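You will see two complexes here that share chain A, one where it goes with chain B and one where it goes with chain C.
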Partner chain A sequence: MIENARSINIAAGLILAIGMIYIIGPLYLTLSTASQSFEDMLRNGLAWYPGDQLLVNMGKIFTETRIPIQMFNSLIVASSNAFATCVLSLLSAYAIVYFRIRWAGVIFALILATIMLPLDIRVITTYQVASNIFSPLNAVLDVTGLNLLIASAFGAPVHLELSVLNTHFGLVAPLVAHGTGTFLFRQFFLTLPKDLFKAARMDGAGPIRFLFDILLPLSRASFAALFVLTFLSGWTQYLWPLVGASTPDMQTAVVGLARLVPDADGQVPDFPMIMAGAVLVSLVPLSMIALLQRYLVQGLVLSEK
Partner chain B sequence: MRSDSSLFSNRWLPILLVTPLMLLIVLFFYVPVFQAFYWSFFLEQPFGGSSEFVGLDNFRRVLSDPEFWKAGARTIVFMLSASSLAVALPLILAIAADRKIRLSLPARNVLVWPKGVAGASIGVVFAFIFNPFVGLMAPLNQMFPGIWAPGIDGTDAFLTLVMAHVWSGIPFNFVILLAGLRSIPHTMYQAAAMDGAGPWRRILDVQLPLIMPQLFLTLVLEFTESITSAFALIDTITGGGPGGSTTLLVYKIYVDGFRGYDLSGASTQTAILMVFVLALAACQFAFIGRRINYER
Partner chain C sequence: MTAIDSAIRAAAAQIELIGVTKAYDAKTVVIPPMDVVLRPGEFTVILGPSGCGKSTLLQMIAGLERVSGGKIILGGREVQDLEPKHRGCAMVFQNYALYPHMTVAENMAYSLKVAGVSKPDRALRVATVAKMLGLADYLERKPGQLSGGQRQRVAIGRAIIREPGVLLFDEPLSNLDAQLRHDMRIELADLHRRIGATSVFVTHDQVEAMTLADRILILNKGRVEQFDTPKVIYHHPASVFVAKFIGAPPMNILDVTGDGTALRLADGQAVARSTRTGRFQLGIRPEDVAAGPGGPITATIRYREDLGSHEIIEADLCGQQLRIATPFGAEIDASSTLSLSFPTVRLHLFDGETGMAIADAFEEPQAVRQSVKVHL
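The block that comes next holds the complex of A and B.
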């Protein structure tokens, strides 16, 4: 199409430039401040040009804070969140789409409803459940009167206790209890041709074989998209790791970074060191975005459909 | 629907397949949601022990607390201001990036970056950049003392929160809206151009109406998102202050529950917030969703 679109193209270019400055600006200032010494920052305020103290500040993060071990925690939490979400979602979507079960609709609705109420809203009671994951079972036994029966037969009611707080499992499990992955895989399975299934049956493939030899290879792109998405969401969680882990050695890097800023007002904290920490903490997810951007964008688009 | 011949008919295998995820969802979603409502009718002791049925007393207590209403009003102000900005800005950027100009490829890359920066991390960064003594506004503050004081002035603190929220909300909304724009068939533009609509006019008459589904979806998700994800920003930038002026409901629930050990009060507020979020989504689907034509 040939037309004069000069005015709109100039406007669009300007808008994009402003948008990019808005995104890159804070990141650049983080990096440039991270490379100043504390004294320079106190004297000159915000640093517009990078200095030469970046490695010194990062060294401080490695020697004076718990960020290194907390980054290891973040890595465990993010990757096991991504892996568990992918596998469990794949399995449940497979059951919902490819099996003749009457309650498939109900199960899918129950899974999908989790999207409506994010973890941050229900954090108080999730914390209570995590402090004893058998509490629902105990309550059921009490309410149904089974415990009275057990108490009269064995002398004592059943009361089990197991806290998953302050464990990696406890940090990950509430994140996995989420419906996006199942939704994503279900949408993908529904786009596959039915003849694929029929051909596989004709060749004598059972459910397990069909899953591993046909569905899994086809789902590779969806798998990667969901993996990137859930990895990033696991790494960037804040409220749950803040309450779910009580010792510094179990906390995740994002929580540790926020704890570097002293609560008390008054003196100016060591911002260059804190910014060096922010750079380190964001390095893994940002490089992941740079390398796997295609999958991330795909995942974002798929999760809305 | 699929015909029966295209389905497996195993009986126990599908149950085995959904059990792990369902177990986690029941344990960490349905039980906590149920418990929030259940506890809102009981007076709970903070360290276990007895609980006592008190009927609607908790609701009476929470609803007669002016702090609750203030936090609720702030939540709604934040929701409306932050989320409309967090959709409008990506919309403008997406329309610009949809044009074939030199900057659109790098912009598509850069605008996704905030997805990799945690809310709390960017909160720490924004707290520094907008620090009144050493930050961006420090020179201005030296000329006009007190013009930027997020530590004292609630509006300044609130503005910082909104800016940080919009910053981290750009990637998702931008990607969704851009995908919507790119799926508009090229013939639509050609037809509009034949009818004499210039590029500016086509934004209003072709692009906006056709991405209504995406626009609606981002708005629905953004409303919930702004209510919940504000926590990380508040905790790192303002700490709820100054003088409670940035204490949104999600932050108040955390403070009441984990610092004040008021489990019943926190659960009651959680229950009210859940009902609000669900009602909001239902309203949007009932009133806005129906008017949007999803046909292409």
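The block that comes next holds the complex of A and C.
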């Protein structure tokens, strides 16, 4: 405490209390609504008191909605996003820090640019590419005039087409292209002694062995932290899964929750059931944080133990 | 020789550098072509100021830096294009570079593990090396739980466990405090005697060089200034650079002109008899300057440092700085001016242009030189 005046204590306590209500209020409403029956809600409006229908509402999620399969989709998207991001980031940071690469600085700047140009901005072009992953290649062939040549030789220009929309791969791949992890690993590698790589070479370990025997064990905490963070961001992604998946069986849980609100006007949504679904959907990331929070802190401190 | 001694004993390899050169591009030549032979079992110290290319040279021998030209021959094999692991070298790094997540035992055994040595054999070798280095009680600790000296010992253990023919040290003592550095120096000398590998030790510390080396290789801007035993380097420096680099305080270097009868300072004072003519640089070590009444040379005292055992007097000799170390116990009670003489046998003469030493500059009777050598 810098100041120890009573009035300041009271004021600080008040501000804290307001902040708590601001954060916990909606959570409480979610839980209390989830435990009311649809009829109660229709009669009384906002549910200020908890009821006894929580399990019933959760049961409805399992029997009447596609949330379970969508949670499974979310799990696949979030965990493969997290895993692929970790592996790619580790490898790219390894290359940037430990190998003499021409234009390494430029490459690193380009990777960092993905942080400044998030998927939400690039969503239209991303959609175009996802609907035909060969479209960039086709464009290059068109622009360079190679296609004219091919057309004159073979009678038709090359036009390749493969859509990854509405597949798990299509949902995950655009999310993986993100530079935060590379940055995190790079900063961590820079804190390690420079001669470690040379020492390993003298001991006879090649680049691959160095990566697996020395770098990977040392970056375990960073790896775990990045895994948790990307898993959470993958789980809560909304915009890209919304446009990238078109059938309910391919949509993720967060999108599925939003879709539980009926499209037609005048219909009252089954808020208790939706809130029960929201609680269910939040359980996975919550338990993830509970299990791995130790690594989260360690890994973000960015230092060698 | 005990059982432990014989267990870790390397077949020392000769190191031959033939026209070895390192250049990053046409303009930045770190090491111009160099020819050097380091004899098997020899302890060579590469000494030079920072940025002289000594670490680069060491890393080229190790295989961590590519050579831009020339050949490196280790134990009769041409190795300049081989990976470090195929060269039979081991290296001790300045900041230890231990693997932080491995125990002491795992650190030392890692190279054996990579080489595919079986687990029982590894344990045996680790035990032998640990006993030799006094690390037996720390085998299960992580490097983070060790003191600086212990870490350095682990780093040395990691290097010698493969019984390399060549041991390379990259300023291994510069991270330690003064006392520990002294102890490790003695340990290293002892270790070298027992293992017998050809050792190359890079440092900028002349005390380490003088005490450890069989021969010292002095580098200046990538060029070999002198490569000889510590004694020869101290008593017969090949150039002004070497003369100034070795010895604390360093050798006095005075600009003098020879007029056919004597070497004179700018004000005409004669400091030595010589028939040579032209511009020279005259060197004399602070401890060789004889101070006392009756000396032919006069200098003005600027500053006195009493170190207890002896005194360092900083004087002005015709505008040039002159340091004088008084002999043990001698009292010099001059306050402002000092009479000096330069014993001719202790003088070094260097070319005024190139700074290279002029051999037999002062034609002394052979007998005098001999007698000097005897009591050195």
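Throughout what follows, the second predicted complex is superposed on the first by the 271 of 305 C-alpha atoms of A that agree within 3 Å, B and C clash if a C-alpha of one lies under 4 Å from a C-alpha of the other, contacts with A are read in each partner's own complex, and residues count from 1 in each chain.
Quick note on the criterion: a residue touches a chain if its C-beta (ideal position, glycine included) is under 8 Å from a C-beta of that chain, and two chains touch if they have at least 3 such contacts.
From a predicted model like this one, the values you see are computed outputs, not experimental measurements.
Peer 1: Based on the superposition on chain A, does the combination of chain B and chain C result in a clash or a fit?
Peer 2: The answer is fit.
Peer 1: Could you look at A:Leu31 and tell me whether it touches chain B, chain C, both or neither (first, second, both, neither)?
Peer 2: Touch partners of A:Leu31: none, neither chain B nor chain C.
Peer 1: Per the contact definition in the header, classify A:Asp203: touching chain B only (first), chain C only (second), both, or neither.
Peer 2: After superposition on chain A, A:Asp203 lies in contact with chain C alone.
Peer 1: Please work out whether A:Asp120 is in contact with chain B alone, chain C alone, both, or neither, and reply first, second, both or neither.
Peer 2: A:Asp120 sits against chain B, while chain C stays out of touch.
Peer 1: Looking at the overlay, what does A:Leu88 touch: chain B (first), chain C (second), both, or neither?
Peer 2: A:Leu88: touches chain B, not chain C.
Peer 1: With both complexes overlaid on chain A, does A:Tyr22 touch chain B (first), chain C (second), both or neither?
Peer 2: The first partner, chain B, only.
Peer 1: If you count the residues of chain A that each partner touches, which comes out higher, chain B or chain C?
Peer 2: More residues of chain A are touched by B.
Peer 1: Under the stated touch criterion, which partner chain does A:Val254 make contact with: chain B (first), chain C (second), both, or neither?
Peer 2: In the superposition, A:Val254 contacts chain B only.
Peer 1: Identify the partner contact of A:Pro193: answer first if only chain B is touched, second if only chain C is, both if each is, neither if none is.
Peer 2: In the superposed model, A:Pro193 contacts chain C only, not chain B.
Peer 1: Determine how wide the angle is at the CA centre of chain A between the CA centres of chain C and chain B, giving a multiple of 10 degrees.
Peer 2: The three centres form an angle at chain A of 90 degrees.
Peer 1: Counting only touches as set out at the top, which of chain B and chain C does A:Val268 meet: first, second, both, neither?
Peer 2: After superposing on A, A:Val268 lies in contact with chain B but is clear of chain C.
Peer 1: Report, in whole Å, the shortest distance between any C-alpha atom of chain B and any C-alpha atom of chain C after the two complexes are superposed.
Peer 2: Closest C-alpha pair between chain B and chain C: 5 Å.
Peer 1: With the touch criterion stated at the top, can you tell me which chain A residues are shared between the chain B interface and the chain C interface?
Peer 2: In the superposed arrangement, which is not itself an observed complex, chain A uses residues 194, 198, 304 for both chain B and chain C.
Peer 1: Could you please specify the touching residues of chain A with respect to chain C in the complex?
Peer 2: 193-196, 198-205, 209, 213-214, 217-218, 304-305
Peer 1: Looking at the complex, which residues from chain C come into contact with chain A?
Peer 2: 59, 62-64, 83-85, 89-91, 93-101, 110-111, 114-115, 144, 158-159
Peer 1: Considering the complex alone, what residue numbers of chain B touch chain A?
Peer 2: 2, 4-10, 13-15, 17-18, 20-22, 24-33, 35-36, 39, 89, 92-93, 95-97, 99, 101-104, 106-107, 109-129, 131, 133-136, 138-139, 151, 167, 170-172, 175-176, 179, 189-190, 193, 198-200, 214, 217, 221, 224-225, 227-229, 231-232, 235-236, 239, 250, 253-254, 257-258, 263, 266-267, 270, 273-274, 277-278, 281
Peer 1: Which of the residues in chain A end up touching chain B in this complex?
Peer 2: 1, 3, 5, 7-9, 11-13, 15-17, 19-20, 22-24, 26-27, 29-30, 33, 41-42, 45-46, 88-89, 91-92, 94-96, 98-101, 107, 110-111, 114, 116-118, 120-130, 133, 136, 173-174, 176-179, 182, 194, 197-198, 207, 210, 232, 235-239, 242-243, 254-255, 257-258, 260-261, 263, 265, 268, 271, 274-275, 278, 281-282, 285-286, 288-289, 293, 296-297, 300-301, 304
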